[in-house]
Amino acid sequence: MGQVVFDGVTKCFGDVVAVDHLDLTVADGELLVLLGPSGCGKTTALRTVAGLEEIDEGSLTIDDRVVNDVEAKDRDVAMVFQSYALYPHLTVAKNIEFPLRQRGADRAERTRQVHDVAETLGLTPYLGRKPGQLSGGQRQRVALARAIVRSPAAFLMDEPLSNLDAALRVQTRADIVSLQERLGTTTLYVTHDQVEAMTMGDRIAVMDGGLLQQVAPPQALYAEPANTFVARFLGSPGMNLIPGVAAEDAVTVAGGTVPLRDALLPLAPVGRSLIAGVRPEGLRLDAAGSLEASVVIVEQLGAEAHIIATLDDGTRVVVRQEASRPSPGLAETVRIAADPAAVHLFVGDGSGRGERLG
Amino acid sequence: MAADRSKATRRRRWRLVGRYLLLTAGAVVILFPLYMTIVNSLLFPHDLDRQPPLFFPIHPDWSTYPTAWTAGNLGIYLRNSAIQTVIIVAGQLVTSVLAAYAFAFLRFPFRRTLFVVFLATLMIPFEVTLITNIDTISSFGWYNTFQGLTVPFLATGFGTFLLRQAFLQIPRDLQEAASLDGYGHWRFMTRVAVPLARPALAALAVFSFLAAWNQYLWPLVVTGDNNAIRTVQIGLKQLQGNQVQDFDVTLAGTIIAVVPLFLLLVVFQKQLVRSLTAGAVK
Amino acid sequence: MTRRRVREALLGYALILPALAIFGLFVFYPFARNFKLALYQAPPFPNLPSRYVGLHQVGQVLTSSNFVQSLVTTLLFVVLVVPAGLLIGLFLAVAAQRQLRGLAIYRIIFSSTVVTSVAVSALVFYSLMNPVVGLLPWLGINPHPSALQNSTWALPSVALMAVWQFVGLSFIIMSAGLQSVPEEVLEAARVDGASNWTVFWRITVPLLSPTLFFGVVVATIYAFQTFGQIDILIGYQNAAYEHVNVLIYNVYTTLVYGGNPGRAAVMSIVLFLITLVLTLLQLRFLERRVQYGR
């Protein structure tokens, strides 16, 4: 019912293609995260749904209605801006009430709705204040309240947490997720922070350079990235990508080999140029390991340590291990073992990127 | 789908066209009076009364401009205006810099009160001081002199305000570093403060130039029928009075008088905007 | 006080002295003297001393029909010039706001009238308003007597020209004000369902109110100071002179042609008071806005 469908949507700014033939369906009631680095087109895509940008090609459907030519004010979507965009000259109550005024409900009804929403978000004591007198977190809640109050077909959120400090961000993240679940409204959420994406999204759509890279639930994205970009972008630190050449039952790389599991062997005929991908948790320091590397730095993170080392050809490799285990010293040569079950294969397209195999 | 796309872009194109039409209409309305002035300035006197009026000079009379320049003495008047304006601008810059520096960097008793006194001058419009100033100037014997034209305007509260703002932006650390390096006030002012406040100085200079060049009432009352001192604004009035028959010459003079300022606008648009909006936006 | 402090203070006084001297002689002294002049009546023949009459002259001037008419004319002039000038400037500023190619030229054209002097703008319009030379006969507008001699049309004609000249400044001020209205707030309003009209009146205009207020004050002060155009276009000898006799012009003619500094002083004090009230109102308004933490 309240689903949002991108069908070949394209948006250009002069010569720059910001959104490139995007095909994406946001299911009714789902919270879909648009994730990607700055400039990848995620915010532009969001703004086309809001009606703040007009699309050049393709069609956009909200709630089974094609909205290409529909003005922003008639689209029945609500947006939470990164800077909150509250009306500075109106009180909190009037800010929340503003969308309702355009819909012509009578005053008593409007006041009731405003109070209900304010109650839900804990804003009742602030109704008489102006945005300039509120803290960042409070303003963010007012922005949310203004979006919720009209029960739109979809919520659009543009990095709503990026202006909050870290502690508040974690708290508010959980609040937004539970709110969305309770209301059941389709939500399109834009962020560049992959931790936010992983914890909040029902599904994540990763974008880069205007192109959709992959859309899947968080775990699937993490466990089976469709290409090297997604593999690198998700996870902190991202997946290790090691270029090499296929050999008997492994990939030969600078400094050794990376073993492959049986299922992947048919895809790796000897001599084929490949990229082996392993997440840091799939590697361990092992005297009998198949890879030799030189330690650059060891990052101690409390519960775990990240050992960053380089292979002969300069490729960086990060190994994750518990803090209890001994860490190597700088410039030490170590041997690394890879768990075959955790190794992915990508075939390069020549530009340093690769598509997944298998 | 192709139909959708073209419909959306077509509508967008129409809106763009509409916008440009609106802007162009506005521009035409604004420029129309000046355009007609230029056209009329190039007509022969007998063409001026034509009904319907000519919107384009088919047989332009180029002699109007040289005539305005020589017979109308515009060359001299322009020179006079230039001298008057340069003196006023220089004076205002110097007095404002000195006073603003004192208010921004020095401490002395009644500093606050004195600054308010400076600001109070902004509230006293020129017309109110007119009567007595005329008497003062003539008692100094400065009637028909450049002193009479310029001295009352050598200081400005607005300029002091503007420059003080600019000086206050200079971080304290810079001052302290400079004094550690042995910079006295004079050197700090000339080597550090003034260069750093250059945008504000430029804005003030442009604003002062405009105000001084366009003065009308004061030059009218303190200069008489004396070509050596008359400014171009009064000169235009003179031209109109003398050349009642040949209005096109008067108009040519008008164009000559305004062209330098247009060049000023085009080149110094940013500074002008900054000075004019100093009170409007926080 | 330490020696250094004393030196610093002396330097401070020395630096502000030039400006202060100019202000003292050419601003404060004349201002104060006005009050004294207002109390003295001019002699019927020159070379006779003026006579102290005290507040009697003030009362006389304020109740004279000449003064009252002048005041009314001035207010009428303000009403004609200020709203029109501000609205046109606002309209143009809104039109020239968004990013468009070639916008810079339009912006220069719209602000161009700010560099025209009173003499220039007067003569420019003179050629348009002239009954023989001008545009009006062609448009079929042929008032008798001609526009600038006409008792009904003289003031509106001057007002039209003042509006034209003021539009440049108005555009610049309104454009600057519009910059301070955040784009995202306007977008939020659009997504919230507001039509363009609603966005303009409920969001843009309220957020623009400090600028509008500043504009009103500047425009009114400008209108009060309109002198040169009247002098060039109409002048003292003109039949319609009474109908354009705004306060400032009255001060000038009373002083120069009437030789009556006492009367002129009274009128200029009134002028001052009006300007003062306006400026104070604007400062008060700004302060209140700042308090609300806008």
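To keep things simple, chains are lettered A, B and C as they appear, and every chain counts its residues starting from 1.
Just so it is clear, contacts are C-beta pairs under 8 Å (C-beta built on N, C-alpha and C of every residue); 3 or more make two chains touch, one makes a residue touch a chain.
No experiment lies behind these values; they were computed from the predicted model shown.
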Query raised in the report: By CA centroid distance, what chain is farthest from chain B?
Result: A
Report task. Per the contact rule at the top, check every chain pair and give me the one with the most C-beta pairs in contact. Result -> B-C
Query raised in the report: Between chain B and chain C, what's the gap in Å when you average each chain's C-alpha atoms?
Result: 16
Query raised in the report: From the C-alpha centre of chain A to that of chain B, how far is it in Å?
Result: 55
Query raised in the report: Where on chain C is chain B touching in the complex?
Result: 5, 8-13, 15-16, 18-20, 22-23, 25-31, 33-34, 37, 91-92, 95-96, 98, 100, 103, 106-120, 123-128, 130, 132-135, 137-138, 164, 167, 169, 172-173, 175-177, 179-180, 210-211, 214-215, 218, 221, 224-225, 227-228, 231-232, 248, 251-252, 255-256, 261, 264-265, 268-269, 271-272, 275-276, 279, 290
Report summary line: chain B residues touching chain C in their complex are 16, 19-20, 22-23, 26-27, 30-31, 33-34, 36-37, 40, 48-49, 51-53, 94-96, 98-99, 101-103, 106-109, 111, 114, 117-118, 121-134, 136, 151-152, 154-157, 160, 185, 210, 213-214, 216-217, 220-221, 232-234, 236-237, 240, 247, 250-251, 254, 257-258, 261-262, 264-266, 269, 272-273, 276-277, 279-282
Report summary line: Within their complex, chain A touches chain C through residues 50-52, 71-75, 77-79, 81, 83, 85-89, 98-99, 102-103, 130, 132-133, 146, 150, 156
Query raised in the report: Okay, in this complex, where on chain C does chain A touch?
Result: 182, 184-185, 187-195, 198, 203, 206-207, 292-294
